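We call the chains A, B, C, D, E, F and G, going by the order they appear; numbering starts again at 1 in every chain.
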Amino acid sequence: MNSIILRVGTRYLCGLLVLFSLYMLIRGHNEPGGGFIGGLIGSTGFVLFALACGTADARAALKVMPQNIAMAGLGIALLAGIAAAVFGDALFTGQWLFINETPEDKGIPLSTVLVFDIGVYLVVFGSILSIVFAMEEEI
Amino acid sequence: MIDLAAAILVFLGAAMTVAAGVGVIRLPDVFTRMHAATKVGTLGSGLVMAGAALHFAEPGIIVRCVLIVFFLLLTAPIGAHMIGRASLRLGINPWTPRQKQDSKPDS
Amino acid sequence: MDTVLTLGFALVFIGVGLALVRLAIGPTLPDRVVALDQMTVSIVAFCGLAAIRSQDAAFLDVALVLALVGFLATVALARFAERVVIRREAREDEEEQTE
Amino acid sequence: MTWTLATPLVLPFLTAVLAFLARYGAAGRWFSVAGNAVLLGASILLMVRVLDQGVIAAQMGGWSAPFGITLVADYLSAVMVVITAITALAVSVYALTDIDERKEHLGYHALFNILIGGVVGAFLTGDLFNLYVWFEVMLISSFGLLILGGNKDQIDGGIKYVTLNLISTILFLSGIGLLYGMTGTLNMADIARTLDTVENQGLVTVVAMMFMVAFGVKAAVFPLFFWLPAAYHTPAFSVSAVFAGLLTKVGVYALIRMFTLVFDGDIGFTHQILLWVAGLTMVTGVLGAAAQNDIRKILSFHIVSQIGYMIMGLALLTPLAVAGAVFYLVHHIIVKANLFLIAGVAERTAGSTDLNRIGGLYKSAPLLACLFFIPAFSLAGFPPLSGFWAKYVLVAAAIENQGWIIAAVALLVGLLTIFSMTKIWAEAFWKPHPEGVDPTLNQLTPQARRHLLIPIAALAAMTLVIGFSPEPFVTFAKDAAAQLLDPTAYITTVLGGET
Amino acid sequence: MNDDTATATNPTGNGLVGLIPVGIALLLFGWFLSLAPAIAEGQSLRLVWDWVPSLNISLSFLVDGLSLTFALLISGIGALVLLYSNTYLAGHPQFTRFALFLTSFMLAMLGLVLADNLIGLFVFWELTTITSYLLIGFGHDTTKGRRSALQALFVTGAGALALLAGFILLGFSMGSFELSVILAQADTLKAHEMYLPILILILAGTFTKSAQFPFHFWLPNAMAAPTPVSAFLHSATMVKAGVYLMARLHPGMSGTDVWFWTLTIAGAFTAVFASILALRQTDLKQALAYTTLMALGTLTLFLGQTSGYAMTAFATFLVVHSLYKASLFLVVGCIDHATGTREADVLGGLGRVMPVTAFAAGLAALSMAGFPPFLGFIGKELKYAGILAIGSEPFIFAAALLTANALMFAVAGIVALRPFWQRTGIALPRKPHEAPWPMLAGPVILAVLGALFGVYPDLLQTSLVDPTVKSLLGSMEDAKELQLWAGVNMPLILSIATVALGAALYLGHKRLRPALGRLVDASPQFDNGWDTFLAGLKGFAAWQTRIIQPGILRRYIFATFATVLVAIGGTMIARQAMPALPDLSDVTFQNVALVVLISAGALLTAITSSRIAAMAALGVVGIGVAMIFIVFSAPDVAITQLLVETLVVVLVAVALLRLPVLDQNGRDRRPVDAILAGAIGLSVTLVLLAVLETPLDLRLTEYFEVTSWPEAFGRNIVNVILVDFRALDTFGEVAVVVIAALSAYALLRTTHPRKDP
Amino acid sequence: MNTLVANIFFAVAWMILFNTFTWLSVLSGLAVGYFVLMLIQPLAGVKSTYFKRVWYWIKLLVLFNYELIVSSIEVLWDIFTPTHRSNPAIVNMPLDVKTDAGILLVTNLISLTPGTLSIDVSADRKTLKLHVMFADDPEAVCRSLKEGMERWVIDAVEDRE
Amino acid sequence: MEALLAITIGVLVATSVYLMLARNVLRFIFGLVLISNAANLIIFVSGRLTSGAPPLIAEGAEGPVGDVANALPQALVLTAIVIGFGLFAFALVLMFRAYSTLGTLYSDDMRIAEPRTEDTK
């Protein structure tokens, strides 16, 4: 796609979309967002990349095969669920660690739930890209 | 006072949306319709967002509204450019008042 | 404000409805894409109205996402239109025809 | 306790991830074998626990029922998980030779193991929406497995398979929505408890019928089975085997579960319909098989026919009948998967599965003939093989219930089953090969022979074991039926004593 | 034409593989023999092994007179036949299988006759069916061999299924599957409302197995099996399984009108019919096969009765027939083996070359023809005595029996005399030679036994006949004495008439054949009927499959949706689940606008012939649905919906580049589809309206609202549900997404696309 | 770019000093940082364009919004009046702007200004194809765009002294 | 409003069934998208509708204030949308591949897996 305008726009938008997707991912537990939405937005960034600059460039920018990203995401989500076993809890029981916890404020939360959401993000991201890239390469 | 300003902005924005719609219907060819859709529409949404920003008047929300408008301003012209380019390549010539132009239907 | 909101919703719907009419009647592919694009942008306004009415900024997040990715569909469709031409030039015997 | 239930569900996914990430080496396929071996161990552990304690349940995420998702295993679930693991292990060994590297690189092992994960999930979940999710997991991985290879017939069959199954999926999803709208809950035990209080019981029946149709498509009953004969003969043999053995049975399982636990309020209507469905499924399936001339197509239609038997057990809804359905499920999975695996060896040695183009296997490959004979005649219901007991219990249940017509149909269909099993036997095994070649097993490398024949022999041995010593299996099936027909224990266990 | 030609004449046969089965058979025979004295004294032996107690199925075995008689015949003849086949099939590449099948068959047959549990008996019954299928199909290289095997399996298999139903019904009706328990309550059984169905079902099984008219046609075809198999299965043992079962059930079920008439008529008709057909045959084996049918008919005929004469006749003829018929089959095998043919018109003058064979044949044939002092004579006398004891119309049945016996006399001559004495002058395919001793042992021993028992009938009477009659009638007193000379009585006169008629038939059989042929051709052709049946079955199956499974996706989808409609709409009407008229008072302009937008988009998608319009209209629906999510407070869902909608459009836009326009042939209007679609839509609306009438219990949601922040540390309840409360769902869902991607990727990468034009 | 980073750094420092993290503190921090940087400009050797460019950006935004609103009315007029007053044409405009960001900015801004729409940039980046709604005098339109929008963009984003 | 939406869902179902019954499998795909929307709406409506109150807990609060929308159906619909997208993507790729492999989008002409009976005879 030899549109200069689109290519240049993509250069900014792609990064913006990925950044925005991470933002949606992190805040998802408290505000609209989360792994699905984040992953969908993140993938649109690279979809745009692929539409504007071709899949070869998009794949090169991504470095890892999208299928592997997706499958690794599944693995991460699974591990987040299995992690509960270490604490003697049932599968997918959230494990929380609050950094800087004070009586008024819980501080910065780190949790297997967030890890799970990251896994979801990667799955959605990788899956959509593997479909779109493969499809793109067919035409 | 702020509420009134917000209401006016919102109303104008919504009206712009209708105007864009009317433009898309009434204007004679795809290029002119694009003018209406991309710009009048964007302006409309922008005004609504401005109204919302005024209405909430919280920094977080204002930033969000600004971002929305910014994103719209960033993406809408790119989309319009793509449509326009495609129209030209499809062989659609701009409508001119002098000669009546046949629009080719799509596939 | 409530009156304005009610009116605003009505106006946005009218705008979307008009776009829908253009989308239905075409006649060219880019016409329909323009209509869809106009709808997308209208929904951003719609989200703003919803946010004001519900006093909840959560709907602005919808608008935010839409503002950022909505044009992707337009780009894809426009590119489709363009490619149809390129492919037609490349292969005259291909059955791709504009109707 | 919670991990006894969760482990069989988690393992296939772990296996899938590892096998996928290692798909470019030999490790991938061995991950699959090892993972399924461990799965078998875990499922046996689960079975032991269930035999010990009756119904067991675990609340995922630590959220008590009905708020979180509950995993629950009664006898039926446990045995289905064990059989799933057995089939999975057998097929993963068989796949060592059957699946080429190209398919492995495209993720065969991941697709396969996630399919197994979906199947296990469907058997273990006590939550209706979660059941939907596992159905989707199975469905979409089966799509992938079905078309892996991309031959024309795969694509064509795939379209029919995909379209019809999607319709069923949507129907299932809508049904869940409606059921939620009536009961406000998704936990199956909770739904069962709440549904009795719904005022509009006619509406409950309507929704029950929606589920019947949705699961009916999955289970491939009349008149919803079209996708099965259209597609099951097209993929790789490993895939056919696991489809034939497991997939439709998940539909049957879901029907049994829903129509014993949840939809037991209008038996006179729903189960009468099921009985009609059962009879018509048996007959149309077996006649379809009689019209075919390809081993896999014959076997595919027979799946349909035999689903009818299982539905018949559910429809009659007596302890003996439901026990028959459970027994039939177990027997059928082992036998049917094995027959498809054997068809694969037949194709490798004799060159085709088209009966007009092969032959001579009895003479040149007596071992294969013997291994075919056992499941084939078991399927045809000859004693003392497993299929006889399955059919016996069902027919006995029908007769006990004075269901003369359905008993007669079941017996007659048994006869026609003999007809098509012997057709395969006569054409592929007895008849000389039309091209005069001797299709021996020696054409395969020793390694291939090991990979292909060990699972077949193991499954055949199981058929024999069930056949010769059916008592523990029948007792088990009866106990399972008792649990199904009186779900009190199920409901109290799931809801943690709160009723 | 025989398909089982021996490939070698090495008398040592196949070594150990061939001899072990003989040893097994002999051991069993010896054991049964050792039981005989005790049984003869009226004892019985019962062994029980609980097999499937939860289904009341045991492997219980009962050795009484009846079963012991059969067991001795089976194991004794079995030993001889196994010895015989070891030579007959010496060096055959599939001999091991053959020996295995034959031994298995023998064991199954023993199990059948000894079983005291209905289901146990059935298991062995079916085992004989399978093994006989494999044995008949020994000549599997030919279409005929395969056809015969299937025919036998199918006919007996069909009967077996009826039998199974009968057994189950019997077991449930009597409260036990143990035969001894059931038969002890004969009066209850006969008075039971299920007596008739039970009887019909069981007789269906026995008649097919024992090849009674009209199920007889499979037996002559089963002669495709190697001759020892025919000798063993199709004359001495398996075909008698049906007879055995009728005998076994005789104490419990006989004595009713149905029993009497059914068995008597079927038996008599089969006997006459079969013997006429037998005379017509030129293939020795075929001729014997039809005489076997005649014997089975006769045995059935007797079992219809309840008199002591009839029972004695049954027991005696059972043994007689087994001895001479097995012997004769083996003789035919020897002839075949030696000359390469079994054609009666070709064979002749073999007596000098094959003296021992001729000797055995002669003895057996004389017994078969019913000459004194052979056992056959006694058997025949008893038969006439038995028939005359029939309660009604004895003379009709006596006449039938006379005809059958006379024909049998003639056939005995044709089979056993002519090949040895009368030369035909036609060259034989092979230079004949005497058979080796292992092949002669069987026919000679069996034939000699026939003579021996004739001379010493007491031996048979005390050891087998009396105990058998006791099993049938409950006491030995009713048994009639076996004697060569009972004075001049009606049976003797009938015997003389038999010989005279038989001799006449023998002398005139060549002239009779064409007439018989015409007669037979004019009667229904059951063997052709089989072909017609099979073709009909296949045709019907193909027809129904074409209708149900036409391979056209649209019909499948239509049928599926039609089922959906019937299931939803039909049930709504049948179960009166209709909703009340909905309350639309709270509807606002905004709501209506949304609904109109979505509906318009949907309709546009459905009717447009422009794929781009369709795609854009889909986008409209997606946007409209997203607006619903916005209006009704679901921002997460709305965002997801919009994102997915965008990706849908992107994917379709990519895919469409390679796809053709929607309708090359203009729009297709489909009113029927539209009606179906509309009806389904209406049903869904109605169901949904009805559901919305029921109050919604919100306790799950309330729990989530209360715990979301305090326990799950999240303020977006939807997200907390997704990643915590119902994380397992989400996990499954992401697995779906991964797999969808892998599948789509695989689909795009494995296939070899159509070459560009 | 370094100056921008420095400015942000000052803003953050400002906020840490006040230990407040409101939007007001961000804005004030940025403003204070800007002035501080401008004051210490000779010391740090900061390029002077940064300070100018901030003003160009502000000018760009203001002028653009003015253009947007004013010419919107023109289009709206055409939409709602029964006859189409417009005289559209495709116009080729030579491009002076060089950088990617500049091209994007110019084309986007031109597009957002009602009455003109960027259709395409030629492969050599020298020509911009425009659709102009009121193209009674294409030359005049080009000229006004070049002197207006393009000039402002060049000033704002490109280092050209 | 629930009732009105029920009618809309009926329209969606009807149009999608009509589309799915078409000869061209591409229409099936369109129908699939529509009917997925319908199913999602069924779940959504079954959880009843609440306007203008998303299920979010304000900062500082322990739970949502006032009546907020039913969160559970939203989570289910979100799940269903993503699953639906996966299914749609696969189905689309399948039809795409079908055209390049079988050379047609007309299901009546797709007779490879189940050839006409006269072809097999």
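Observations, loosely collected:
The definition used in the following text is that a residue touches a chain if its C-beta (ideal position, glycine included) is under 8 Å from a C-beta of that chain, and two chains touch if they have at least 3 such contacts.
Every value quoted in this text rests on a predicted model; they were computed, and no experiment measured them.
Here the chain-to-chain distance from chain D to chain E, counted in touching steps, is 1. Path length between chain F and chain G in the touching-chain graph (shortest route): 2. Ranked by distance of CA centroids from chain C, the top chain is E. In this structure, the chain pairs A-C and C-E differ in their number of contacting C-beta pairs, and the larger number is found at C-E. Relative to the C-alpha centre of chain B, the farthest chain centre belongs to E.
One inter-chain figure worth recording: chain A and chain G are separated by 24 Å, centre to centre, where each centre is the mean of the chain's CA atoms. Chain geometry summary: the mean Cα position of chain C and that of chain F are 26 Å apart. Note on chain placement: the centre of chain D and the centre of chain F lie 65 Å apart, centres being C-alpha means.
The distance from the centre of chain E to the centre of chain G, each centre being the mean of the chain's C-alpha atoms, comes to 48 Å. Counting partners per residue, chain F has 107-108, 118, 120 as the residues that reach two or more other chains.
Multi-chain contact residues, meaning those touching two or more other chains, occur in chain C at positions 9, 16-17, 26, 29, 32-33, 35, 50, 54, 58-59, 61-62, 64-65, 68-70, 72, 75-76, 79, 83-84, 96-97, 99.
Of all residues in chain A, those that touch two or more other chains are 3, 5-6, 9, 12-13, 30-33, 36-37, 41, 44, 47, 51, 67, 71, 74, 78, 81, 91-92, 94, 124, 127-128, 131, 134-135, 138-139.
Taken in their complex, chain D has these residues touching chain A: 2-3, 6, 9-10, 13-14, 16-17, 20-21, 58-62, 107, 110. Put simply, chain A touches chain E in their complex at residues 28-37, 40-41, 43-44, 47, 51, 66-67, 70-71, 73-74, 77-78, 81, 91-92, 94, 96, 106, 109, 111, 113, 116-117, 119-120, 123-124, 126-128, 130-132, 134-139.
Those residues of chain G whose C-beta lies close enough to touch chain C in the complex are 51-54, 56.
Taken together, the chain C residues at the contact with chain E in this complex read 6, 9-10, 13, 16-17, 20, 23-24, 26, 29, 32-33, 35-36, 39-40, 43, 46-47, 50, 54, 58-59, 61-62, 65-66, 69-70, 72-73, 76-77, 79-80, 83-84, 87, 91, 93-97, 99. Residues 542, 545-546, 549-554, 557-558, 561, 582-584, 586-588, 591-592, 594-595, 598-599, 602-603, 605-606, 611, 614-615, 618, 621-622, 625, 628-629, 631-637, 640-641, 644, 647-648, 651-652, 655, 658-660, 662-663, 668, 670, 673-674, 676-678, 680-682, 684-685, 688-689, 691-692, 696, 698, 700-701, 704-706, 708-710, 715-718, 721-722, 726, 729-730, 733, 736-737, 739-741, 743-744, 747-748, 751-754 of chain E are the ones that touch chain G when the two sit in their complex.
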